[in-house]
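Shown next, in structure tokens, is the structure this report addresses.
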Amino acid sequence: MSQSVAALLKLREVILSGSLPPGERLSENGVAERLGASRTPVRAALARLAEEGLLEPIPSGGFMVKAFTEREIRDAIEVRGTLEGLAARFAAERGASPEGLAHLRDILEGIDAVLVRDPAAGIDFTEYVTLNEHFHQLLLELAESPVLARKVGQAVALPFASPSGFVMAQGALPEARVILTVAQEQHRSVVEAISLREGARAEAIMREHARLAHRNLALALRQGKLHLVQGGALIQRRLPA
Amino acid sequence: MSQSVAALLKLREVILSGSLPPGERLSENGVAERLGASRTPVRAALARLAEEGLLEPIPSGGFMVKAFTEREIRDAIEVRGTLEGLAARFAAERGASPEGLAHLRDILEGIDAVLVRDPAAGIDFTEYVTLNEHFHQLLLELAESPVLARKVGQAVALPFASPSGFVMAQGALPEARVILTVAQEQHRSVVEAISLREGARAEAIMREHARLAHRNLALALRQGKLHLVQGGALIQRRLPA
Amino acid sequence: MSQSVAALLKLREVILSGSLPPGERLSENGVAERLGASRTPVRAALARLAEEGLLEPIPSGGFMVKAFTEREIRDAIEVRGTLEGLAARFAAERGASPEGLAHLRDILEGIDAVLVRDPAAGIDFTEYVTLNEHFHQLLLELAESPVLARKVGQAVALPFASPSGFVMAQGALPEARVILTVAQEQHRSVVEAISLREGARAEAIMREHARLAHRNLALALRQGKLHLVQGGALIQRRLPA
Amino acid sequence: MSQSVAALLKLREVILSGSLPPGERLSENGVAERLGASRTPVRAALARLAEEGLLEPIPSGGFMVKAFTEREIRDAIEVRGTLEGLAARFAAERGASPEGLAHLRDILEGIDAVLVRDPAAGIDFTEYVTLNEHFHQLLLELAESPVLARKVGQAVALPFASPSGFVMAQGALPEARVILTVAQEQHRSVVEAISLREGARAEAIMREHARLAHRNLALALRQGKLHLVQGGALIQRRLPA
């Protein structure tokens, strides 16, 4: 791993963990010192994180850790859902291969197995997240569009916009089982729509699927579970009036 | 033609021509006398026109000629566009035959020929309307859905909701050529979308295509050309404030 | 109730119950005798049921009880979902009143109560159907479009296309609870979308909501439960190859 | 302007102009020499252009000038149209201010003026492009979504995906006037849809609007006018069979 990549990964983690609070100004020197890295890779990492949206450029020079409002996060989720919707539509219109569809159905069975296990034992969220990420990744591959894949990749760089962004927070909530059941139904319906070449339907389902995250966000905000969300420390709670 | 069908056609024409003004109460006896028909086929015709929406049942019994507000006509056009949109989507998703697509392209060429003729000579609107109705009819056939075909048939029973409902009024307007050019572009795009199996796109285009009629309606209202529209006598002009 | 209405209701019931099998030819005289009615109201009833789609006109005259293929039923459900989707979009775009939204939320709570009761006791499907029909009816009213309301009314005249068409068949199935949970989530999401004036979302949800019936239809077909569906006797089972 | 920005702009221009052909491998040293810049800003520029999609990373290290297939360009246009569609929907749903709408209508009048001028004199494409870019920019502002604005910005970084990407090529074509007339109709319709808060319609129009570029691309490819398109040198012509 190059020095640049190492610096980028470390800096991103520091920001998402909340160690650098929203609004904090970052200088090349300060970050270089904190990470024990030299200035050139730090400069590149700062530029990249500004590109991703985690940092904001300051007019006077330098960067500031971004604070995200609830509305910005909803918008980021909507953008991700819109792009994943486009991917599902492409997959349906272009005609997914039988192998690709079989692979998606295998993942569905895996998620079914996670959900129907002994309720007393609870849901294995780590396994769920792994299967869920795999499902979303495979769907993107079926779209056969490197241009779109790049855009979805940029859209999920903000961790709270990613398909599994709020699942761990959800884990602590009593509504978790209902939400995961609904999510799995949407997975199942989008696979059906793709196999029937119903692109409009596939697109609409993926958009609505992303919006489950809105609800999880609202629950996490209400119940003070933001620390369970990656990047949750950057989310601005509204001040009491 | 049976007596019932004859009575229905005559009564519908009388109403659409404006000879029976909106709000007029119709009794079986009165209509039978007017049409020179017996009461049984008249009763069936009244029931059928109420079903189509041209007559309104009166609580005390009997029927009244319906007056349509601008909003009701816009809604009728939107319903027709929505159903034609569904037909275009079905055609795209189910895969139209090469023959069907070739037939649609022939009609497109015919309309092109109508539009590019000597501008000084003007547009032959009768020929345009014939080709346009044929285009819409063929699109519906490509959907391969008798259930939907029946619904579209019911939706265009109101003449101002039909695909050619306002073309004759448009004929008298200077904007006519631009509107027909745009309409033809939409025809061309929907054929392309169907042949590429892009159902969401095909659906959206047909919806927008129907909305050209909104604009024609507004122009016809503004310029006092409603007498050129079949059924225009039933449209309620808003009173000056 | 007039003789005509009485004859219509009785004949519709006889057909939906399966007492007159698909393909059966109906003559005015035969039906009049069977119902103990005179010929004029019977003629009107036959015409009306042909309009609704339960009867097919025979080229040589008279009518035949319609047989419905699985594809025709899917299309009828899609048409209904498309029109209900339009209603939800109108409600969102035109701005539903706070009272209307509060009323919808009351129904949601009622359905929640039906679903969370003691699982051992089972679900009260009759209560569910009453609340569900009320929800769909109210949504239609919020669209404020008499033209559209008429079209939805025509679309649900085929009983297997109606929002509750397959619920009773579902009642006998183990998947029932999951399907009703997903349906209720869709109810909840459409109310949210309307209150946020998100018309595209509201429309897409209602379309997908209707498609739950596809699944119920497939389950009912597979498990031989068609007799639990109103009009199920008219559905053509595919012959074994 | 910092050294980094200067290096980025220069390198981007060199690539889009076609001076570095698709497939060309770029080393930091080689580029630094060519631009007369030092290695640090060159490294940042290379990373950024890879991010934008103009360069591809080579597994063995370094970058290669990307060649774009027709399909990739169509996908890039579709992504841009999808994101602009989302912006138009947000503007409609969130309620654009009267001032914002008035501003959009002013631009429409400006474009009308460009289009109706003396046909013999031809269309002033430079003025058209300026007004068109302004229209698209303002629409984005009405969406009130910095998150989305960033994504659209990334999507139009590929010049052939931008709203005016093919207008100059179009300028040389006889079809230009029809295409611009249709484009202007779409501009007008999206403004109407936003002002009526019809989000689904606004979204669909902007998607279709973007697809006009597909047609221009096909025309430019067919007529060998790619040199008139910024970045046209990167587009892979299909080889004759």
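By letter and in written order, the chains are A, B, C and D; residue numbering begins at 1 in each of them.
The definition used in the following text is that a residue touches a chain if its C-beta (ideal position, glycine included) is under 8 Å from a C-beta of that chain, and two chains touch if they have at least 3 such contacts.
Computed from a prediction, not measured in an experiment: that's the story for all the values here.
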{"item": "Most remote chain, CA-based centroid, reference being chain B", "value": "A"}
{"item": "Pair joined by more contacting C-beta pairs (A-C or A-D)", "value": "A-D"}
{"item": "Geometric centre distance via CA averages, chain D-chain C, whole Å", "value": "47"}
{"item": "Distance between the centres, which are taken as Cα means, of chain C and chain A, whole angstrom", "value": "39"}
{"item": "Centre-to-centre distance between chain D and chain A (centres being mean Cα positions), rounded to whole Å", "value": "27"}
{"item": "Two or more partner chains touched - positions in chain B", "value": "none"}
{"item": "Of all residues in chain A, those that touch chain C in their complex", "value": "178, 181-182, 185, 189, 201, 204-205, 207-208, 211"}
{"item": "Residue numbers on chain C that touch chain B, as the complex places them", "value": "40, 43-44, 47-48, 51, 53, 72, 75-76, 78-79, 82-83, 86, 90, 145-148, 150-151, 154-155"}
{"item": "Complex interface listing, chain B residues touching chain A", "value": "89, 93, 196-200, 203"}
